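Have a look at this one.
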Amino acid sequence: MDNLERKTLLTHCSDERGLIAKITNICFKHQLNIIHNNEFVDNASGHFFMRTELEGTFDDKTLLADLDLALPTNSKRSLISSSRKKIVIMVTKEAHCLGDILMKAYDGSLDVEIAAVVGNYDKLQTLTERFDIPYHHISHEGLSREEHEEKMLEVIKGYDPRYVVLAKYMRVLTPNFVAQFPHKIINIHHSFLPAFIGAKPYQQAFDRGVKIIGATAHFVTNDLDEGPIIKQDVIPVDHNFSAADMAQAGRDVEKNVLSKALSKVVNDHVFVYGNKTVIL
Amino acid sequence: MDNLERKTLLTHCSDERGLIAKITNICFKHQLNIIHNNEFVDNASGHFFMRTELEGTFDDKTLLADLDLALPTNSKRSLISSSRKKIVIMVTKEAHCLGDILMKAYDGSLDVEIAAVVGNYDKLQTLTERFDIPYHHISHEGLSREEHEEKMLEVIKGYDPRYVVLAKYMRVLTPNFVAQFPHKIINIHHSFLPAFIGAKPYQQAFDRGVKIIGATAHFVTNDLDEGPIIKQDVIPVDHNFSAADMAQAGRDVEKNVLSKALSKVVNDHVFVYGNKTVIL
Amino acid sequence: MDNLERKTLLTHCSDERGLIAKITNICFKHQLNIIHNNEFVDNASGHFFMRTELEGTFDDKTLLADLDLALPTNSKRSLISSSRKKIVIMVTKEAHCLGDILMKAYDGSLDVEIAAVVGNYDKLQTLTERFDIPYHHISHEGLSREEHEEKMLEVIKGYDPRYVVLAKYMRVLTPNFVAQFPHKIINIHHSFLPAFIGAKPYQQAFDRGVKIIGATAHFVTNDLDEGPIIKQDVIPVDHNFSAADMAQAGRDVEKNVLSKALSKVVNDHVFVYGNKTVIL
Amino acid sequence: MDNLERKTLLTHCSDERGLIAKITNICFKHQLNIIHNNEFVDNASGHFFMRTELEGTFDDKTLLADLDLALPTNSKRSLISSSRKKIVIMVTKEAHCLGDILMKAYDGSLDVEIAAVVGNYDKLQTLTERFDIPYHHISHEGLSREEHEEKMLEVIKGYDPRYVVLAKYMRVLTPNFVAQFPHKIINIHHSFLPAFIGAKPYQQAFDRGVKIIGATAHFVTNDLDEGPIIKQDVIPVDHNFSAADMAQAGRDVEKNVLSKALSKVVNDHVFVYGNKTVIL
């Protein structure tokens, strides 16, 4: 059994009767074992999603061709190897999210290969290199936004990463940059109830006396902070928290939400559909 | 579309290749829409579980016969109408679990029909009757355990309930009673880390200085408090909690865990397999 | 010891050295036992808060006079009997928050006396009266907002409640109404990350694919939904939730947050300071 | 103000009227500012606890002498500098708890100085040294338990640590070792509801179908795993978790509980009284 491969088939299309039967029949015909299968129909949009973890000997081309014949014409399907995904992490100065991903990759609780870390400051270089991971310091100083991104793109693309993780990268990305990695860039930001716009959000949260502080991990699109949400969570705070304590609580929830979102993404559980995610 | 029925098909059997395809093919052949489908294989035991929510016009007999032909010989399948399930609740003196179920059934957040409440004391009669639900006070005084259960069984069976809920019914049931409702009796009890055996568990928990108090909802088997677990949760406590406060916290977590477990059960999400549950 | 009274002393004022000593010295002089004491200094504003639960024989007038002499001139202190607080609940049509408070008051897990329920519809009359609590149906139809509020105020004030609880009362209150109960009206509303303004918030939350839904309990001031926050919490949701399921999840978190906030308030744990609360 | 010191005064003794006044009067007399004050009376045992965070210029000897004069004869008090506490971490082979503490100390979210790591294997040496922290590999092979502990004690005592943290150190410590660090050794272990005794607890938890897995952090006493509990928490699991997945979930909750417990301890919030903790 050891030379059997594992792959995950993600399929989505308009819903119609018999889709599960069609897809699993094809897997059966290809003599593939279904290890896990999850399916979801969004009744509001009439859209069908299915995640199928398969084991066996794969003939990708024929399998996909068989699926294309059987499924509705608008169907999207991808067959993804279950091997460890390569990521590049982008950072600025804050260590908490990067450190959490580095340690979880190290101790095996997050199944990713960190190909490199790219930062517009050098503050996190030592930490990164302690884990034997290359760090590229690409300062934005003296460069236009486009020039800076061009330099980063060159480095990042050299690693051919499956995903780019913004682990508190504090600069806005241009549509051109985002377009290079459609639904492949994952960002994390703090979130408040109510929302606070503008500078010093933790000071505003403190002044307002909020009782919870949240974080949202999402795919990056050209709508800043408005891409499909992958994971959200909150942490309770109270009057004992200064604005600085609230910021620390925010860092805690940010790192937890980002690494949980990343885990779902790199294990091929996440569909993007419209501006939403379906996580199977 | 309004005269279409909804039913849930629960299937489990030894795992083998092609089961999902076989089952969904049969549903397809019967022109049934799959509203939700969830499947799970317990790789440790090689056992397959599938929950399929179907909509259409059902010919139950033919559908089940088709499934029996297609599936392994050890397969168990049931086709359950999605209509509201009838339950009978057994109580002693404590109001918290009964009150929570009564109110959730009233406001629609728990989809059950409470056919009756049976208590060995009359303390909860007024509360029950305020919700226009019959209350049967069947005292155990002067009766042997068997005589008492016989009287309760007669009343309960008169209602033909789908499930019997022990909402803090504080007497041990005999194997004969349990055997009348195999995997149909749901119980709730408090749980501690570490476990405390014997009388006054909250006093012991207090003396030990525990920081969490839990509750476990499970199906009742002849192993007291050892049947298949449906739901567990905990609530944090600290040094500010007296033994009485811990007991109150215990009541809070008990009622929440019981009503969540009950919701899963009455919406046909729960398989019992061996001494475990699979919740799809 | 049985004829000893219990009262809670809430003190707040500008911070200065020796305040705890001064207050506890006075309690000591009055031969009052301190059952619980909690103190907080908001270092940002330099403001001091102390909650002291006392037991003994009280001479309120002298005690408060002694405190006034000892404390800074801007100090506010109140000495509140620990007896059960009287509340009036205002409702419209939704049962979940009212039902939860009724049941918790009934089973003793929420220590309040519900003097009456006032509703602008009659839908919750039966539920209320089942708990032997008077229900006042005061329709707003054909009345100006002022006229309607005048009729409600007359009824509510007749009960002389310590707090007014808006358990999904769906009409905006005028500044005049709010001014009758300064920091005595508690409201609950749903909260989202990000925030959704306007009609059908759950539809918007669904369209946005949020992963958590929250609720905020706060005191009502003239800034709609912007008064001092008492309690916030969230509940996780996912792609399986329709807009209607999200609304149900929202009701669950609303009722939990409201009853927890109310418990803190009626047990005299909540200070209002500026637009924030300090909960000791 | 910059040359003012911060210290925390922990006091506990039999409860009697006027204790808060006495202690805060003495602080006032010493011209010390009270930054935070928390007090608790365990009414079951009639014992009083107070934590007072002070700022000013300290004359420790006089201050403590004044307290001794004023307080009951059984009182215990300690005046602890708020400077960063030195810890030594003991490990065996598992990285998760050590890695979490290393990273949190690095990014500033856990305020400790890790003086050294001592392991009976060398597996965690590289990880430790990447953070510029000395690692002492002291193998137990070929040594009696007493000889092994003697060698470790010599190394550990050389660092004069305030606390010793067992970050999955998998050998039982002798009473002699424990006696060197009374209430200064912190341990973490997994916890289950129900409890599973013996080897392979995660296999037993899997076989039993538990729905939560917990962890307990406690001070080490001679009662194995039975010392005063500092922190407990749980993580939900379900039928999708293999025994190995449950073990991974157990590691996650272990590291979170240990670092939260450690944070309370090193910030001087924890009293040990009898076999319990009071955390102020």
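For reference, chains read A, B, C and D in written order, and residue numbers begin at 1 within each chain.
Keep in mind that, in the parts below, a residue touches a chain if its C-beta (ideal position, glycine included) is under 8 Å from a C-beta of that chain, and two chains touch if they have at least 3 such contacts.
It should be emphasised that the depicted structure is a prediction, and the values quoted were computed from it without experimental measurement.
Colleague: By label order, what chains touch chain B and chain D together?
Modeller: Looking at chain D and chain B together, the chains touching each of them are A, C.
Colleague: What's the farthest chain from chain D if centres are computed as the mean of the Cα atoms?
Modeller: Most distant chain from chain D: B.
Colleague: Compute the distance, rounded to whole Å, between the mean C-alpha positions of chain B and chain C.
Modeller: 36
Colleague: Report, in whole Å, the distance between the mean C-alpha point of chain A and the mean C-alpha point of chain C.
Modeller: Roughly 41 Å separates the two chain centres.
Colleague: Which residue numbers or ranges of chain B touch two or more of the other chains?
Modeller: Within chain B, residues 40, 43 contact more than one other chain.
Colleague: Note which residues of chain C are touching chain A in the complex, please.
Modeller: 40, 42-44, 191-195, 206-212, 214, 216, 228-234, 236, 238-240, 242-243, 275-279
Colleague: Show me the residue ranges of chain B that touch chain A in the complex, using the header's touch definition.
Modeller: My answer: residues 17-18, 20-21, 24-25, 27-28, 31, 33-41, 43.
Colleague: In their shared complex, at which residues does chain C touch chain B?
Modeller: Touching chain B from chain C are residues 95-96, 99-100, 102-103, 106-107, 109, 127, 130-131, 248, 251-252.
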